[in-house]
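Data block below; observations after.
Letters A, B and C mark the chains as written, and numbering starts fresh at 1 in each.
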Amino acid sequence: MAEGLKLAAASLTTFVALILAWEGAILLFDLPAYVLPRPGAIAEALSRGWIGGFLWPHAWFTLQGAMIGFAFGAVAGIIAGMIVAEIRVASLAIYPIVIAIQSMPTVAVAPLIIVYFGVGLPSKIVTVALLCFFPVFVNTVAGLRAADPRLIDLYRAASASRLRMFLDVKFPGAIDHIMSSLQIALVLAFVGCVVSEFIASTAGLGHIIKSFANDLNVSVMFAAILSLAAMGAITGFAVTLAHRRIVFWRAR
Amino acid sequence: MQAVPDATTPASAGGGDAASHLAIEGVRLVYDTSRGPLVALDGLDLQVGRREFVSVLGPSGCGKSTLLKLVTGLLPPSAGRITLAGAAVRGPRPDVGIVFQQPTLLPWRNVLNNVLVPIRARGASVRAHRDKALELLKLVKLDAFARHYPHELSGGMQQRVGIARGLVHDPALLLMDEPFAALDAMTRETMMDELQQIWMSTPTSILFITHSIPEAVYLSDRVAVMGPRPGRIVETVAVDLPRPRGLETMADPRFIELTTHLRSLFREMPEAEA
Amino acid sequence: MSRRLASTAGAVGYPLAGLAAILAVWHLMSAGGVVPSFLLPTPGRVMQAIWQAATDGTLARHLPPTLQATLIGYGFGALAALVLAALVAEFKTAERFLLLHLIAIQSIPKVSIAPLVFLWMGFDIEGKILLVALICFFPVFANALSGFRAADPNLIDLMRAAGASRGHMFLQVKLPTAASQIFAGLEVAVAFALIGCVVMEFVGSTRGMGFVIQDTSNTFNLPLTFGAVIVLGLIGVAGNALVRLARRGVLFWEAGGRGQHG
């Protein structure tokens, strides 16, 4: 309790200091609003955006692109991971390639996907799905491979079918890995959607950030960035909650 | 090698009947490794009678765990033969129960369903075996925990679930691979007693792998001593202590005589490489 | 011996076969007209485009800015992350003042501030370095912090009882304990760094591989788009390999882990 109080006090101090430094910098260096708006202006932009409502359609667009793409990418990653983990040749031939792709900047294909799917929502969904696919795939394979060999022996000694072994032992054991990868994929979902919106879009928070940069309206940019952060934090919290619920046996 | 009188004779001194239920004859096992072939077992002979409790005692790395894979039919021997319950072991044997060193339970299934795992794995009717599973849980004193999950139990309790799981399909043989090695000393002694009780109240033959000499002597009808690589049985010692054994058994001069003899056998063994 | 050779050959052979299969399917889809070849150029056309870019000065013009910004930003980001993680792990006060804010900032998708950085710093290298450093910071910071905290408490007690200084303990116990996790963070940060750089180049730039990708896709010069994506990917793979090489050199006690995978 005392520690919680100290943490709150210290964090608040940092927060206040940051705001003061911010205001101070504006006063001291006479920074114009198109370089650094005052904190109050950002709060105002946020309230205009969310209470006035002009950010709603854009937040909805980004949320759609990120969530639908996330769902497609995750499901595809899990299914492909299962196939590769269960088929020896596939796991030898494909898995190392996917591991290599993990160290590549996959967002680089975003402009290409816009060429294929246009500037609307579909290109966002495809970009996001592609980005989300890889971590989920890799973790599904790793999770399925991490199954306890003694449990596998137990099932093999009972002449259990591969399907039974998969459903009883391997898949439930991989869920922990898969849920962790969903956390990573979720971050990438917003990254993918926003980058695709930067390149070309008709709506979305990324689109807002980019187009208001052209208007030098920095407070709205801040408002959009903070909105993105909030969306990421809330959905991330939901995934963490789901992770704890589903993988109830893991002490944390 | 000094002989202990009346100790090195075959099975008859123990509780099981003489006809061997599990027979391992001249088994050799060679592993292919990146450093060339490795002879894990060579000329291994071992018998377990019906309802007999036999321990295999050996230093670490002598191939005890390989034995487990051979008897369950998960690994074919390079030479020799294994028969269990009158039929040669040629492939997975569902009629063997296994208890591992770690409880190795499914963390996402409750205790009752964990006990039923061998039934599910065989694709048999889980419902038909529920009563049997509950009965076994009563035997291992966990009937109040049937709906609990493994992470809610202590290590000793988890291991008892493992034992109940090993027995649920009425196996011809229960294989126990150092089942108490991961438990603390106190729990271990309680578990030894409980295992004896379980064994005496079920018609099970047990092959018990361990590296604890007192544990082997306390529990077994016969103790088979395994030598280091390539593993084989160097001596079999019949334990003629009366049953049920209890606290006083460990103070019995015969108990001390047997454990001392076994200890001297290990002193003479060359160190096995890990 | 021959088995070992065979297994090494398999470890290389299977992925090569997989790669060949992917290229073959790609080629057939493009050449066979499943996808119009102006949308999906054949692998051969892409290789040709890469070769041409390498010989006509396109790569010479656009690759160095990307590499430079990525490397410098990566260095700054990783260094800042290590220092801050050490501070937060060592000093309770630093943790109280900083940790919550760092966690809050972590929830901002870093690439989303690219236009802001562009506005502040223009399309020179400084902006790219800033975004790259920022995006690299978090994976390294998170890994280093949990690594520093994972130090064996018994070992710490032992050192403390022996009168070891804080600095000595940090260098002798905590840093080596954390090293493995730090390297894991550094590996992740390689791809992150390239992402940061490329996104900055997407947002506003006239040079760099990100610019090439966006420019060629706008002008439908897709063979070079594919080529640039592949070159970037190879840089990521190479960077990752370098980090792993460094890891093997530094963490000599991990050498036993070799050949465990698969």
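In the analysis below, a residue touches a chain if its C-beta (ideal position, glycine included) is under 8 Å from a C-beta of that chain, and two chains touch if they have at least 3 such contacts.
Computed from a predicted structure; not experimentally measured.
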| item | value |
| --- | --- |
| Top chain pair, ranked by number of contacting C-beta pairs | A-C |
| From subunit C, the most remote chain by mean C-alpha position | B |
| Subunit A-subunit B separation of Cα centroids, rounded to whole Å | 50 |
| Chain centre separation (subunit B, subunit C; CA means) in Å | 51 |
| Gap in Å, rounded to a whole number, between the CA centres of subunit C and subunit A | 17 |
| Numbers and ranges of subunit A residues touching at least 2 other chains | none |
| In the complex with subunit B, residue positions of subunit A that touch it | 148, 150-151, 153-161, 164-165, 168-169, 172, 175, 248-251 |
| Subunit A partner contacts - residues on subunit B that touch it in the complex | 69, 72-74, 91-94, 96, 98, 100, 102, 104, 106-108, 117-118, 120-123, 149-151, 169 |
| Touch list for subunit C against partner subunit A, complex | 10-11, 14-15, 17-19, 21-22, 39, 93, 96-101, 104, 107-116, 118-120, 187, 190-191, 194-195, 198-199, 202-203, 209-210, 213-214, 217-218, 220, 222, 225-226, 228-229, 232-233, 236-237, 239-240, 262 |
| Subunit A - residues contacting subunit C, complex | 6-7, 9-11, 13-15, 18, 34-35, 89, 92-94, 96-97, 100-112, 114-116, 187, 190-191, 194-195, 198-199, 205-206, 209-210, 213, 216, 218, 221-222, 224-226, 228-230, 232-233, 236 |
